[in-house]
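Questions regarding the structure given below will be posed in turn.
Every chain is named by a letter (A, B, C, D, E and F) in the order it is written, and numbering of its residues begins at 1.
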Amino acid sequence: MCLSVPSEVVALHDDEQAITVDTLGVRRKVSRHLLSDEIQIGDYVLIHIGFAMNKIDKEDALESLKLYKEIVEKLEAENHAQSSHQ
Amino acid sequence: MCLSVPSEVVALHDDEQAITVDTLGVRRKVSRHLLSDEIQIGDYVLIHIGFAMNKIDKEDALESLKLYKEIVEKLEAENHAQSSHQ
Amino acid sequence: MSTNSIQLAHGGGGLEMNKLIRNLFFKAFDNCILRNEEDAALLNLQGPTAFTTDSFTVSPLFFAGGDIGKLAIAGTVNDLAMMGAEPQYLSLGVIIEEGFPMASLETIVASMASELKKCGAKIVCGDTKVVPKGCADGLFLNTTGVGRIVKPGLSAKRLMPGDAILVSGDIGRHGAAILMAREGLELESGLVSDCATLWGAVEQLLVHPFDIHAMRDATRGGLSAVLNEWAAASDVMIEVDEAAVPVSDEVKGLCELYGFEATDLANEGTFVMALPAAQADGALEVLKRFGHCENAVIIGRVGESPAGRVILHTPWGSNRYLDLPAGELLPRIC
Amino acid sequence: MSTNSIQLAHGGGGLEMNKLIRNLFFKAFDNCILRNEEDAALLNLQGPTAFTTDSFTVSPLFFAGGDIGKLAIAGTVNDLAMMGAEPQYLSLGVIIEEGFPMASLETIVASMASELKKCGAKIVCGDTKVVPKGCADGLFLNTTGVGRIVKPGLSAKRLMPGDAILVSGDIGRHGAAILMAREGLELESGLVSDCATLWGAVEQLLVHPFDIHAMRDATRGGLSAVLNEWAAASDVMIEVDEAAVPVSDEVKGLCELYGFEATDLANEGTFVMALPAAQADGALEVLKRFGHCENAVIIGRVGESPAGRVILHTPWGSNRYLDLPAGELLPRIC
Amino acid sequence: MPNQAINEPDSSLKLKSLYEGFRDAGTIRALAARINSAAQNLSEPLYIMEVCGGHTHTIMKYGLLGLIPDNVKFIHGPGCPVCVMPKERIDQAIALAKMDDVILLTLGDMIRVPGSKGSLAQARASGADVRPLYDPLDALAIARDNPDKTVVFFAIGFETSTPMTAVLLQQAEHAALPNLLFHINHVLVPPAIDAVMAEPATKVNAFIGPAHVSVISGAKIYRRAADVHHTPVVVSGFEPVDVMESILRLVELKNLTESVVDVQYSRAVSEEGNLTAQALVDEYFEVRDSFRWRGLGPIPQSALKLKGKYAHRDAEIHFGGRLPVQEIDDHKACQCGDILRGLANPMDCKVFGRGCTPQTPLGSCMVSSEGACNAYYRYHGVQHVD
Amino acid sequence: MPNQAINEPDSSLKLKSLYEGFRDAGTIRALAARINSAAQNLSEPLYIMEVCGGHTHTIMKYGLLGLIPDNVKFIHGPGCPVCVMPKERIDQAIALAKMDDVILLTLGDMIRVPGSKGSLAQARASGADVRPLYDPLDALAIARDNPDKTVVFFAIGFETSTPMTAVLLQQAEHAALPNLLFHINHVLVPPAIDAVMAEPATKVNAFIGPAHVSVISGAKIYRRAADVHHTPVVVSGFEPVDVMESILRLVELKNLTESVVDVQYSRAVSEEGNLTAQALVDEYFEVRDSFRWRGLGPIPQSALKLKGKYAHRDAEIHFGGRLPVQEIDDHKACQCGDILRGLANPMDCKVFGRGCTPQTPLGSCMVSSEGACNAYYRYHGVQHVD
């Protein structure tokens, strides 16, 4: 119900308060009435029932992904240590 | 287009200015708005696009049929005379 | 309420559809080929086989003497019978409008099941689609049938000068019954559709050594269409004694009222047959044993010219062509 | 104007209908059985035969990668192929809404004719009905097919523990393409339906000595429906590696946007196959020779318990049931 | 009615006799014999015009042409109200039907007749709301059920059908249904007879008068044809016996050189007609200055329109500026006008059976089964069958 | 938003990474290992309620329950706005839809949920004009194309969806479409949390907060849960990695006995939320005194309604006397209330899987794939597979 999907902004239609977004290759026009930020082509936004809800903070997302990578590497190192310890 | 069919009156619906007629076993309700005559069950009427147009004069029809019978008989008598003459 | 009417979910390919198919169709048409539930039914057929299809869109769905279900079985079974084939296996395609009353569907399915019993054919595969309200007119059916050809060689092309033309009963009753049932017309009469499965009668005809040249059920287009198609296909003239063509009073009354010709009205259990004139009385004698063929009668003969045309003879010695009907035939009769 | 759109008269059984049938259908599907114009087509069939029917009510009628005509041929031909049968003869039932554009009908008929060429099957009998404006949604088709069984014994009941489960391509494209084409949704993408005739590929599989246990095209209900039906029919457990199931980006995108599961979406040219695991790579190698099967892949295995259920394994070691879809599946995909 | 005082219905007349008695083979044969014998005395060929398509239909359906001698010929008249409708009127009906808020109602065959750009059936196929009626009064329920729509009754027909439109209008007023309007195309038989006879070269020298018209309007309306055009008129029923008897009477009148109006269909036609119906028609309708007939062109005072006090019911007024007025001429090749006057034969027309067929009529005579060209197309040559 | 000043988009982040990176198998395994290890230190079992059905869906679809230890348990929350809709509200929607001049619009799944006498889908099957929308703004075109009808948007959803209704209303005012009305059923998350925690015996001792609600309303709305109920809250994204990371954080917070609000979904959630959206909601809506939740009963100040100055858009006012008001209680056997508080298990309910199935739900938890009973019905037992 509260389904919201990250999508990329690929076109701006300022006259109709709309933008075109791309979700894994599927393009559709959505409302940008709820976006107060500046929006540029290439931005990532969350889409919910035909509306862009807000911009996604790319840097924050990258940080998370970096963190996960570290966690995985750490676990692998531990497992490796464990198995070579055995 | 001007198709009109002789039918028998089988029911009167005075309240709705209508009558039910029977055409060779098919019954339907038709308007009697155009009939100024008294109408009784058993009368024959001409039906055109959902309206009774008028009453059929049974006696006149019988007379016609009687006349035709005479014509046929006369022709048969002539033919008979001719063929017996031959 | 969920089982009172058909929902879109009944056509979704999921749980609800499975339930509908098992609880309704499988129960009514029960046989082991159908219950296999594979992509296709498995049949074992040997030799010459007849194969025929018809979709049914009749309106209204229920009429005096039958309903769309009876019609869908009789129609396809009759097409097989007309080719001298024993009706064996039928497929059933159902297109249902969202909101269609479940009770009506059950009645129609029961009516199909009971009609199938009259000829021994089985429904062995099917398909169900549900379309949104407004996208269909209640219910459409398709039946497609296959059957072993018992007597090969029956064909619209095989009429020969000297053949007698028979009809198996009085004509025009199906078309007339549908018209009577039509909403807004409000007609009443004792008329019932001739809708019937003909295989019983045809099977008996085929066991006799008649050299039947052609049979055809006089459905859409009525007697006129069959005779014109035959005259064209066999390149012969067909002549019909107008006074010999049996028409019930009620059908006559309806034709008077609306300017129809009984020869143009549809039949769904009445067929036309051509065979050498010398065998006509024998064939009539067989046919008349069957209730729905008791009015069977010889109505005409096959001649040579003008080839491709059908001539009606009046009792007073004049003639006219019997034409193929044209234009829309209201209402939908099949 | 009279030939620009379909009129009720085109279904009246008279002159206009004869013209439509001869000038359009006979020309496109030309073959001598069809041209016989008898009540039924005459076939000569020998031995085990598959028989299957489907009605097609897809909306919209034209979509990326096909139209209702292509679908109606591929759908029924594929059902025959899935039973190891060579598609030979098809019937065609057409229900047309008054006012349907003649040009669209011609396009659809041409599309049927071209799809028939891909498998060699013939349309040998047909039926045309025209219903008044508002009584159908443009055009409905029914195709019913018969074909000689080349390889007997394929069955949803024959899956056995140790079988591998293959899909012939990435899933969900037909359902997704129909959704994309739907009026009001206004989606754009490079996605095309997988709609295709599978007989070519299946024919090649059948000439090899594979002991194929079952094949099924994953139409309505998608991969979920096929696997659940198989698990139930064969009383086995089927396990699927979720990560192995091929899904295109666009189908994924659509599923994200609307909360669908790719495994629930319809396919019309993608099938599932079960055969002993040892033969799976050989079968894949044959399949991959065909353009529309180049993404063929092993997605799972057949096990014993819990019998009747389908288990999805995630790449991180957890499991869940893959359920039969329920509720209405919008839009109409076949 | 000839005999309004019948109070003791003769129980010996079965309804069925009104059908079977007037289709009796022996009677038809006997009348044919009499016609053939009487026609031997004709000093010149008799060219009978049956004005009404209903009679054309009887003549064709029962094969009567095969029974009469060569010097008794038929010239099929202006056909039926459907065939004579000029294309611009059909164009108007189509324009009305295509309006979003309009439901167009009309009777039977009318929906098949082509205007300048297709028929009402084709308009319906492309989405216009066109509903054929069997019964004009059904319009009341349609208007009641669709208060948001304007329901237009496209009224057609000769004098026979005009009173039914009048009753419908009366009921719409009584029921206060403001959304039921009328597009009036009722035409009159006597002016059409005048138009046929106005051609000096016309061959028509006798008329079979449409009896159903006279059931309403009385036999009196044919006086002028007899008196001014000096042609005998027999007001005839529609059964084959009726028509054969009428032919016989015409031959006999011609032999007597009597130009009178004779009523063969006396079981239903009186001199004065149905006065109730006539009063209703007078209440609502008045004569148009002129009306274009397909095949015959403009004929003065040949059709009706609504009276001014019913202008609120008049679709031609209500939709005034929005209806096409372009007059559409008949196809250049079409010879209907000459055929209707007996100056040409359908076979003389270059497009007969080629460009012009019942499925694709170019002229009015091909439109319905009651038209001359249509009848020739379907029946020509059959008399010569063994 | 956490960081509104990003002006140099980092080109190294592919959109696909927002899907695949947060569904990465290795990451999920690593987080599972960490959760299992951290949970060994828990002094008491952790009962996490995921308030939002979206999270229930993620947990079930990705099989996350199979990855966490026995002392970390989930209590599936009030589900989704569809499931918590009381039957009387659905009855009102059906009553509206059945009115001849009303077109009822609503979002997706809503049409399948049964009221006291069937669902909107069933009403549609019997002729009511019900149209499911994917996009609320489509209502504008429908209202414009049907000026003779009253178009009612049956508005549902948590804080996530309320601003979209507000924009629709704003646009209807701008476009002067008088025939677009609203039946408002927007509900609020914080009062539902209060209602769950109001039960003294509740087992819930941690929350996963719905991030999409907070994208609009900010993380601040969960302060009260942390401060008053002393439960940690992690505002979590909806990908499996998001949820696993959130579980890990809750375990860690519990070990630290910290009752704070932590934002896991920091890539889209800020403390304050989307102020534009909040302002729009404030313009059109105000809080209702009370609203009945299916499963939980009446909860004070837990839903919104239109402000008085938009009464002309309010279907509840416009159709006042014509809507059914009878409150319909949940089925007597239904234990959803207890299940939602962690006091009972779906299997404890006598009708589970018998009278109550996803096709015939008797209680709210069975209605959608996001409900606890529904999830149990479909997935129970699967963890034990080899």
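In this text, a residue touches a chain if its C-beta (ideal position, glycine included) is under 8 Å from a C-beta of that chain, and two chains touch if they have at least 3 such contacts.
Keep in mind that what you see is a predicted model, and the values were worked out from it rather than measured.
The minimum number of touch steps separating chain B from chain E is 1. Touching chain A and chain E at once are the following chains: D. Counting C-beta pairs in contact, the chain pair with the highest total is C-D.
A centroid comparison over C-alpha atoms places B as the chain most distant from chain D.
Mean C-alpha position of chain A lies 21 Å from that of chain F.
Each chain gets one centre point, the mean of its Cα atoms, and the points for chain D and chain E are 56 Å apart. Distance between chain E and chain F, defined via averaged C-alpha coordinates, is recorded as 72 Å. Separating the centre of chain D from that of chain F, both taken as means of CA atoms, is a distance of 37 Å. Across the assembly, chain A contributes 3, 22, 24 as residues in contact with two or more other chains. Residue positions 7-9, 15-16, 185, 249, 252, 256, 258-259, 326-328, 330 of chain D each touch two or more of the other chains. Within chain F, residues 16, 19, 29, 108, 112, 121, 134, 138, 359 each touch two or more of the remaining chains. Listed by label, the pairs of touching chains are A-D, A-F, B-C, B-E, C-D, C-E, C-F, D-E, D-F. The touching residues of chain C, counted against chain E in their complex, run 184-185, 239, 243, 249, 252, 256, 258-259, 306, 311-312, 314-321, 323, 326-328, 330. Touching chain B in their complex are the following residues of chain E: 1-4, 6, 9-10, 12-13, 15-19, 21-22, 24, 26-27, 29-31, 33-34, 52-54, 80-82, 107-109, 134-138, 157-158, 160-161, 163-164, 167, 170, 210, 212-213, 215-216, 238, 241, 266-268, 274-277, 280, 368, 370. Note for the complex: chain B touches chain C at residues 3, 5, 22-29, 47.
Residues 180, 185-191, 248-250, 252-254, 256-259 of chain D touch chain A in their complex.
Touching chain D in their complex are the following residues of chain C: 7-9, 11-16, 18, 36-57, 59, 78-80, 82-83, 85, 89, 91-95, 124-127, 129, 131-132, 134-137, 140, 142, 144-147, 149, 154-156, 216-217, 219-222, 225, 229, 233, 266, 324-330, 332, 334.
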